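Both complexes below contain chain A, partnered by chain B and then by chain C.
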Partner chain A sequence: MTQSDTDIIVIGAGPAGLSAAAEAARLGAAVLVLDENDRPGGQLFKQIHKFFGSKDHRAGVRGYAIGDSLLAETARLGARIELGAVVYAIYPDRRVAVITADQRRLLLNPKKIILATGASENALAFPGCTLPGVMSAGAVQTMVNLHRVLPADKTLMVGSGNVGLIVSYQIRQAGGKVAALVEAAPVIGGYGVHAAKISRLGVPILTGHTVKCVHGTDRVEGATLVALDDKFRAVPGSERDIEIGCVAIAVGLTPLAELALMCGCKFTYIPKLGGHLPVHDDNMETTAAGIYVAGDITGVEEASSAMEEGRLAGIAAAEALGRVAPSEAAVLKQAVWARLNALRTGRFGQARRDAKERITAEGRGAHVV
Partner chain B sequence: MRILRHPILGNLDEQPPVFIEVDGELIPAREGEPIAAAIIAAGRLKLRHTRKSGEPRGVFCGIGRCTDCVMTVDGQANVRTCVTPVKAGMKIVTQGASPEREAQE
Partner chain C sequence: MSSNLAICGYLSADELATCLPAPERMAKGPVAVIECVQDIPCNPCEEACPVRAITVGLPITSLPVLDAAKCIGCGVCIARCPGLAIFVVDGSRPGDEGTIQLPYEAWPLPEPGESVHALDRAGRRVGTGTVEKVLSAKAQDHTAVVIVRVSKQLLNTVRAISVEGRAEA
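So, the complex of A and B:
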């Protein structure tokens, strides 16, 4: 890794970061992607289900296949990817401090930075929540789909968003059992089609229920479930015990926005999208000049929209560097926005679109062209 | 336990296992997988004890952020086993205030 001739540093080699890198490299920018993990792709390679949307959004293609083609695209276009590289600081002059896989410390000096750091899963507090076997649903999904390891014979899933529903199905595909899926809210959070798939397999979906506590000495051995009333209070006498060896927690994600905070850019708070988020304009540029964001860092959605946001940031950063004429960039960006808006429709999508529009409304106008 | 057959991913390829030593016990692993995956596949979920009260902990986040899965690997303490790849012959020791550890000391 050298610091000469890098136009754009992308931090995070997940769907958003790879898409940003591909787009910027296509337009002739010298792009370096840094990722702390020892493999690229972010969470795409554990997504063994087919994606939704239209043909434009690679619908019907499984997540890992999308990951493969993104990696091939990035490589073909000449964006470099440095793995095992931890970015631990971004300074006010936009220098990027990195520790490489071989423990070297570097200060890089890119012209533009695209933050595509993703999100991490939320924890849930209850007695026993620290016992070995209580894992984030994403961790279970990684173990099952990527490493082919089933943590336990029987799992309790907590949370009925798409993550909870999909991972429940994938535990079943892998030969495991899902004793129950509990959801504190009175209705299922995710898509009906995912819920129907696990219902057909006989997984009980208990809305208005939560996990009261988890038992075990050195590992999860069982859990007590409890019904909740309309004010989310436990209903006395409704407890029931189940035997399980794993509890998967699927109660939302929080954007990994530490680096954006370091850049001093403006944030907003939108619980629906994961909490505190860096705002950005229609180019995905934050209020800190030359710092762009894409994907879950600026609102937790799905890989499909993360990829489109990445493409947008990549085009905009290349345009800001003069690699593409504004008129041509406008056409390219408009096409991405059309695809993004198409993803943000329907019962769930419209709410995300409204929330995302609050972000751009707050982020616009920071940079007078 | 290992998932040998899978309707989407197919059969697990039969690469010969490598072995790692976990608290003195040899366990089979797949080269390059995270250390935690190999240990969980061997049937063990507990990866460390907390330092003061000795409570058991295992993988939570699986992406190297929560540090609940740290173990001592080849003499290096606090290695995040959920993101550190297996190499043949690694010697891994559970950290923390376990009764076994106190007996050793």
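So, the complex of A and C:
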């Protein structure tokens, strides 16, 4: 890894970061992607389901196949990917501090930085939540789809967003059982078609329910479920016990925005998008000049929109470096915005679009740092 | 949004009213049933249909509309739907039985001739079915389509099969 020839450093080799790298490299920028994991792709390689959208969004293609083609695209365009590389700081002079896989410490000095660090899964506290067998839904998905290990014969899923629904289906595909899926809210959070897929396989979806406690001596052996009233208070006498060996927690994600905070970016707080996140303008540039963001760090959505945001950031960063004429960049960005806006419509997408527009409204204008 | 789909995870009879084909159409031959009632951004079904019987249009969050008169029941749309929300029912055969084509994404695949549990939208066992054919072409990308024979009365009820414990014939 050398710094002399790097125009743009992308942090995070998930769908947003790889898309940003591909787009910037296509326009002639020298791009280096850093990722702390030992394989690239972020969560794409455990997404074994077919994606939604239109042909332009690669609808109907499974996540891992999209991951394969993104890797091929970045390789073909000459973007380098450095794995096992932990970015632990970005200094006020924009130098990027990295510990490489072979334990070297480097200070890199790119012209532009694109943060595509993703999000982390939220935890949930309840009696028994520290027992082995309680894990995030993403961890279950990694075990089942990447390592081909089923955590338990029977799982309790907590949370009915698309992650909870999809991972429940994938547990069934792997031959496991989902004893129940509980959702504290009165309605299912994710897509009805995902819910219908697991319902017809016999997974009970219990809205207005949560996990009261998990029991077991050395590991998860069972759980007590409880109904909730419309103020999310436990309904006395509604407890029921189930036998399970795993509790999967799918109660939302929080943007991994620490590096943006270090850069002095202006933040906003939008619970709908996962909490505290850096604001950005229509170019995905934060209020810290030369620092761009893309994907879940800008507010939790899904891989399809993360890839489009990455492409926007990649084009904009290359444009800022003079690698593409503003008129040409405008055409490219407009095409991406059209695809992005198509994903942010309908009853699930419109609320995200409204929230994202609040972010860009805050992020437009003069850069303060 | 207080629909049964949003509360329980499966469509109620009311919500299905706009999805299910007319009895006369089912008696004529195979026809698609598109159980997609939320405006999510998705349209591969429209492009999949070789006879242009499915329209989504713009915006892509519009619900798919099936022209049942045009639909030839070929089933190409079944494996193309990322939501696995399309089925093909056929009530045209003489006798008491008809067929359902449904998406299937687990191993092992059922075998032709095999007797299976027939499950409704809530996963309840509502009868038994006999597997007639299993289609798993490369273009389907690991979404097999199982053609299962069930009682004609169950054509609008059965939406999944289970090989668990192997149903008695």
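Please note the rule applied: the second predicted complex is superposed on the first by the 366 of 369 C-alpha atoms of A that agree within 3 Å, B and C clash if a C-alpha of one lies under 4 Å from a C-alpha of the other, contacts with A are read in each partner's own complex, and residues count from 1 in each chain.
What we mean here is this: a residue touches a chain if its C-beta (ideal position, glycine included) is under 8 Å from a C-beta of that chain, and two chains touch if they have at least 3 such contacts.
What you are looking at is a predicted structure, and each value in this text was computed from that prediction instead of being measured.
By the touch criterion stated above, A:Phe51 is placed in contact with chain C alone, chain B being left untouched. Shared-chain residue A:Gly264: touches no atom of chain B or chain C. After overlaying the two complexes on the shared chain, residue contacts for A:Gln173 are found with chain B and with chain C alike. Contact with chain B, but none with chain C, is seen for A:Ala123 once the two complexes are overlaid on the shared chain. Of the two partner chains placed by the overlay, chain B and chain C both lie in contact with A:Arg62. Within the superposed three-chain model, A:Ala196 lies in touch with chain C and out of touch with chain B [touch as defined at top].
When the two structures are aligned on the shared chain, A:Gly322 is found in touch with neither chain B nor chain C. Residues 62, 173, 175 of chain A lie in contact with chain B in one complex and with chain C in the other.
Residues of chain C that touch chain A in their complex: 1-3, 5-11, 35-44, 47, 59-61, 80, 82-85, 105-106, 119-124, 141-143, 159-160, 162. Across the complex, chain B meets chain A through its residues 1-9, 12, 30, 33-34, 37, 40-41, 45-47, 55-66, 68, 82-83, 85.
On the chain A side of its complex with chain B, the touching residues are 36-38, 48, 62, 120-121, 123, 130-136, 138-140, 142-145, 147-153, 173-175, 217-220, 245-246. Note for the complex: chain A touches chain C at residues 49-55, 57, 59-62, 172-173, 175, 186-188, 191-203, 205, 207, 342-349.
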